[in-house]
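In the two assemblies presented below, subunit A is common to both, partnered first by subunit B and then by subunit C.
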Partner chain A sequence: MGTLFLYELKKLIRQKYLIFFIILLLGVNLFNIYLNYDELLSPQQYAKDGETFALTPLRLQMDRDFAGKITNEKLARLKAHRDAAEAIFNGEESDEPMYTPYPYSDMNFAGEIITEMQRLYTYHDTVIDAVLQKNGYLETQAKAVNDRYRQRQAELIEKTYAGRSLDSYYRVNAFETVFSYRLSALFLVLLGVYSAAFLFAGEKENGMLPLLKCTPKKRALFVAKTAAFFTFVLCVGILFFSADLLTFWLCLRPSGFFQTFYAIEGYMYSILNVNILTAYLLTSFLRVLGAFFIGCAVMLLSVLLPKAWHVFFCGVLLTAALMGMSLFTDGIFGALRFFDPVTLLISIRLFETFRVVNIFGYPVFMYAAALFGNLLFGSLSLTGTWLIYKRRRGYA
Partner chain B sequence: MLKQELKKVFIKRYYLLIFFALLAAELVLCVVQGGKEGLSGFDKEAYERFVNIYAGQITEEKAKQLETSFMYLDNADDLRLFGEAFYQSGDITPEEFEQLQTELEQYMSGRTGINVFREHYAYASASPAREIVNSEAWTELFSNDAADLLCVFAVIVFTVSAFVAENETSFSLLRRTTPKGRKALYRTDLKLGMVTAAGFSLICSALRLGVGLAKWSIRDFGAPLESLELFENTSFGGSLLGGYITIAILKALGAAAFCAFCFILGNLFTSSVTVLLAGLLSVLLPQYVLRDARIYYVSPVSLLRGTGFLYGNVVLEEADALPFTVSETAGTLALPISLFIAALIVLCAFLFVKKRGATK
Partner chain C sequence: MSIELTGIKKSYGKKEVLHGVDLSFGQGVFGLLGPNGAGKTTLMSIMTGLLEASAGDVKYGGVSVTDKKSEYLKKLGFLPQYPGYYKNYTAWEFLEYMSVLKGIKGNNRKQIDSLLEFVNLTDAAWQKLGAFSGGMLRRVGLAQTLLGEPEVIILDEPTAGLDPIERIRLRNLLSEIAVKRTVIIATHIVSDIEYIANEVILLFGGKVKAQGAPETLIAEAANKVWLVHALPEEVDEYVKKYKISNILSEENSFALRLVSEEKPCEAAVGVLPNLEDVFLWYSLRR
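After this line comes the complex of A and B, so read on.
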């Protein structure tokens, strides 16, 4: 079985021009990040007194100096720095060394860091307390009308959000762009559809399919193909998403990879209780799964249609239809969302805030529901593919 | 030769079915998309009522009437209170009160629509060359600045059906052994493809116009193009309908050039799936990734966009310009350059036919 798997993997990778397209799309992806999100690789230059300098790297230096646990001493130093900068801005003299040639920038940067630090160490008091208090009201209301579902939901909220606190300052807000970046997932899906199109339709075109069906290794072959496709998508996914992270790191220099995920300002209500690096790995893996399940559907098309380019064409239309379907959020179509692999593809939306679905009176986190729905979708596709693959008519 | 090719592609390869299926999908998309945008929160009826009354050139009389109407709109609440007060104290008759009520009701319920109209009116009155038109309807018709993906698909699938798929059945080898197989047949395919592509594009534009006419009541086909805020800086002197037709023709030319581009791709990559992917990427990548307008207008698929050429001279200011850009004012140069590149692509497609056969 092992050799069969390796052969199938080799066949996938050896497709014409696949390596070319992978490199092309990777290059375009990284170029896109550089073009649209770069702040540090080629920062905007300012001029003063005949010299040019860039503000963002100096801000970076300031962030580094004050990074780490938030202490009273650091806050006092920042406030002193800001006051000194204001003094210089107003024309007075000061001994305090400035980070940038413009005292106005120093003032602003120090003020921003102070605000951010305050946001972080009051996270428990402002955000969490507010959430738990409101939750308490809702819980008492639910108890009054004996609404079991809402009571369970309130208990779940309590369990998720209680006990959270933040205590360190890092440049974590830059991570928000990293997590909400979607183009690489789209490219991954395109590459997945491209290679899945060849899985069975390629055999039909070569005339190998009837031969293969005569062998005793029919089932092993099917398993090997699926496993090889999954490995392929996983590897390309790892390539794309780690290249992403590296390029974003070079362009934005976020820090604090091991801070908790909810330290990021845009995700403060998030249900994830892990650190940022783990969160990135988790969302990337979900995206790979999403691409894999779309590939499973394309595999089903691949056994049905006689030519590989028919499969690719229908596969792209299917992907577009799935993306369109994920935009419907109400009515009967709303329930279909959980079976749509595109929901996994945009995985960050599942974790942004507290989202649950009502399944038989129990609140289930949306990521669990989506994962389960997608597994169902994937297994249905694979079962369909297997059934069509093993029927006796050997030709097409 | 042409008849045989027609039969091969349209009937034997079921391209006719695909053609009509994609057209049907296009129709569905037009209806669905337009429907969503129309519900963008303003009262369509009130808006259209105003447009139909005041359409055309802005005269002194119209301006005065509109000022009164807007005054009513702004003070509708107060006027209603005053009306009630007068009615209570008996200063006005019940009939007059009824009349005031109904008039004010019109304004208050259609407030959102009338405010939209007011914005368009403010834009139109800023220059004598502009008229009052059904701006919302026309902007909707014109606001497809992107390459139509269904059209792109129709073109790529045609290329694959007619030309590239034969490599996989080794029929292309046979073809090259015949006296007319290499050049003449290829060029017939190319011409057929370009005509089909242009035809599809034109039918799509006509469909969109038809759907628009069904949704909105448009009567002002002859108004100058500048009446739309979209075309504020345009130097195109024609009417709205003329503008739409010009854009439709440009898109059709773009589709034909894109077909030629796909044939070149078919010469480069002999596998049909690769041509599909490459064709799709060559449209998607410039459009969604490298959004800089200047690069886009120079790419092979620029003509497919259409609308942008009539925007006029918009001065683009960029702090960090990329090295291979054309110029700062995208307007005047974009159209000739795009046409030139399209012509170049078509010429390449006609002249450079692959010499050696495609053995797998």
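After this line comes the complex of A and C, so read on.
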């Protein structure tokens, strides 16, 4: 089985066009990040008194100076710096050294860090109440004390958010851009669709299908093909998402990889109680799964259609349809999104706030429902592919 | 063990291409000879399990191959008419890949090396198949057919598209592999099997017209092959009227070798038939 798996993997990675597309799309992706999110590789330059300087690296220096555990001493220093900057801005004298040539910028930067520190410090007091209110629990509880589902929901909220606190300041908010970035996931899907298209249709095109069908190891071949395809998507996913992280780090210099995920302001209500790096690995893996499950559906097309290019175009259309379906959030189409791999491609949305579905009176997290639905989607696609491959006779 | 075909029929829609074929293959080389469209590839495909017969059964060692397909496939070596390959694999890699698919257990390196040596491709073992000539590819195809030392080898038009030297080379290889095996060669080229087949089956229009040793079939065509010297203006008439197996230009005339139940003209001289003449003679009797 191992040898067969390696040979199937070789078939995939030795395709010249596929390698070309991987390099091309990786380049386009990284250039897109640089073009739209760069603040540090080529920061905006300002001029004062005949000298040019960039504000962003100076802000970064300030962030570094105040990074780490939030203390009264740090807050006092920041407030003093802000007051000194304000005084200079108003034409008064001050011995406080400024980070930037503009006192107004120093005043703003210090003010922003103070506000962020206060948000982090008061996080514990606000988050559970906010989540309870968001889920309408408090109002419902007032009306119907005996609502078991609501009670279970409240228990889950307590369990999820209990004991949370934040006491350190880092440039974690820059991670929000990293988590919400989607182009690389789209490229991963396209590469997955392309490679899946060749899995069976490619065998028809190069005339190998009759030989393969005349061997007794059909099931082993099918498993090896599927495993090789998953490995390929996983490797390309690791390549793309690692490159994303590195490029974003170079462009935005976020810090605090080991801070808890909910320290990021945009994800303060997230249900994830893990650090930022783990959250990135988790959401990236789910995106890989999403691309793999779309690929499973394309495998089904690959065993049905005669030409790999036909399969690729149908696969792209299928992906577009699945993306369209993910836009529906209500009614029957809303329920279908649990079976839609695109839901996993934008996996961060599954974790960004407390969202549950009522399954037999029990609140189940959206990510669990989506994962289950997608496993079903992938299993059905693979079963269909296997049955057709096994039963189909002839040379096509 | 022998392969038995009983009442094999195959239809595509309303068109029946095989009309109840009954055949038996023991050890030795069998040449399945027929014109294009006679149903040879369809019959080979049914024997390999690639196609399902509309009626009839294929048995190997008395057991229906549909009941023990996996076991049967382990004993089968097949070279299709247009064998595929992976241009990015080397010859060695391709054979290793196929050996795994054929379920060959244990150390298959020795076997791959000896098969590459047998088909005279040892020096090209680590070259990519994309760089191989048609003849080299066909030899790699033959080597994969022999992986696992199969008891039954089915070759569909094995010399198609090969130049004369490669054709002879492949034919010699085929006669070497035939020992203690059942080798079935489907072809429309008589010379492919003329000297190596123990038995020849003539298939016309989806029906078996004759089956027997080449000498027996040739003997049946005795007194039916003639040599006629014809003037240029007479050639057209002979071509229209008879099956001509050969036309040789002479000084002021043409020497025609033709097949006919009766003597075509007074000056005609009876000659000894060959397998090609037999093929023509049976095509006359369709």
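The criterion applied here is as follows: the second predicted complex is superposed on the first by the 378 of 396 C-alpha atoms of A that agree within 3 Å, B and C clash if a C-alpha of one lies under 4 Å from a C-alpha of the other, contacts with A are read in each partner's own complex, and residues count from 1 in each chain.
The rule we apply is simple: contacts are C-beta pairs under 8 Å (C-beta built on N, C-alpha and C of every residue); 3 or more make two chains touch, one makes a residue touch a chain.
Since the model is a prediction, treat every value here as computed from it, not as a measurement.
Per the definitions stated earlier, placing subunit B and subunit C onto a shared subunit A by superposition produces no clash, and the two fit side by side. Contacts of A:K10 after superposition: subunit C is touched, whereas subunit B is not reached. Contacts of A:A47 after superposition on the shared chain: neither subunit B nor subunit C is touched.
In the superposition on chain A, A:F21 contacts subunit B only, with no contact to subunit C. Shared-chain residue A:L209: touches subunit C; no touch with subunit B. After superposing the two complexes on chain A, the angle subtended at the C-alpha centre of subunit A by the centres of subunit B and subunit C comes to 80 degrees, rounded to the nearest 10. Contact with subunit B, but none with subunit C, is seen for A:L183 once the two complexes are overlaid on the shared chain.
Once the two complexes are laid over each other on the shared chain, residue contacts for A:F312 go to subunit B alone; subunit C is not touched.
After superposing the two complexes on chain A, the closest approach between C-alpha atoms of subunit B and subunit C comes to 7 Å. Put simply, subunit A uses no single residue to touch subunit B in one complex and subunit C in the other. Those residues of subunit A that touch subunit C in the shared complex are 3-4, 7, 10-11, 14-15, 203, 206-217, 220-221, 393-395. By the touch criterion given at the top, residues 16-17, 21, 24-25, 28, 31-32, 35, 42, 44, 183, 190, 194, 197-198, 205, 307-309, 311-313, 316-317, 320 of subunit A touch subunit B in their complex. Interface residues of subunit C, counted against subunit A in their complex, comprise 45, 48-52, 69-71, 73-74, 76, 78, 80, 82-89, 93, 96-98, 100-103, 144.
On the side of subunit B, the complex with subunit A involves touching residues 149, 153, 157, 160, 165, 168, 269, 271-277, 280-281, 285, 288-290, 292, 319-320.
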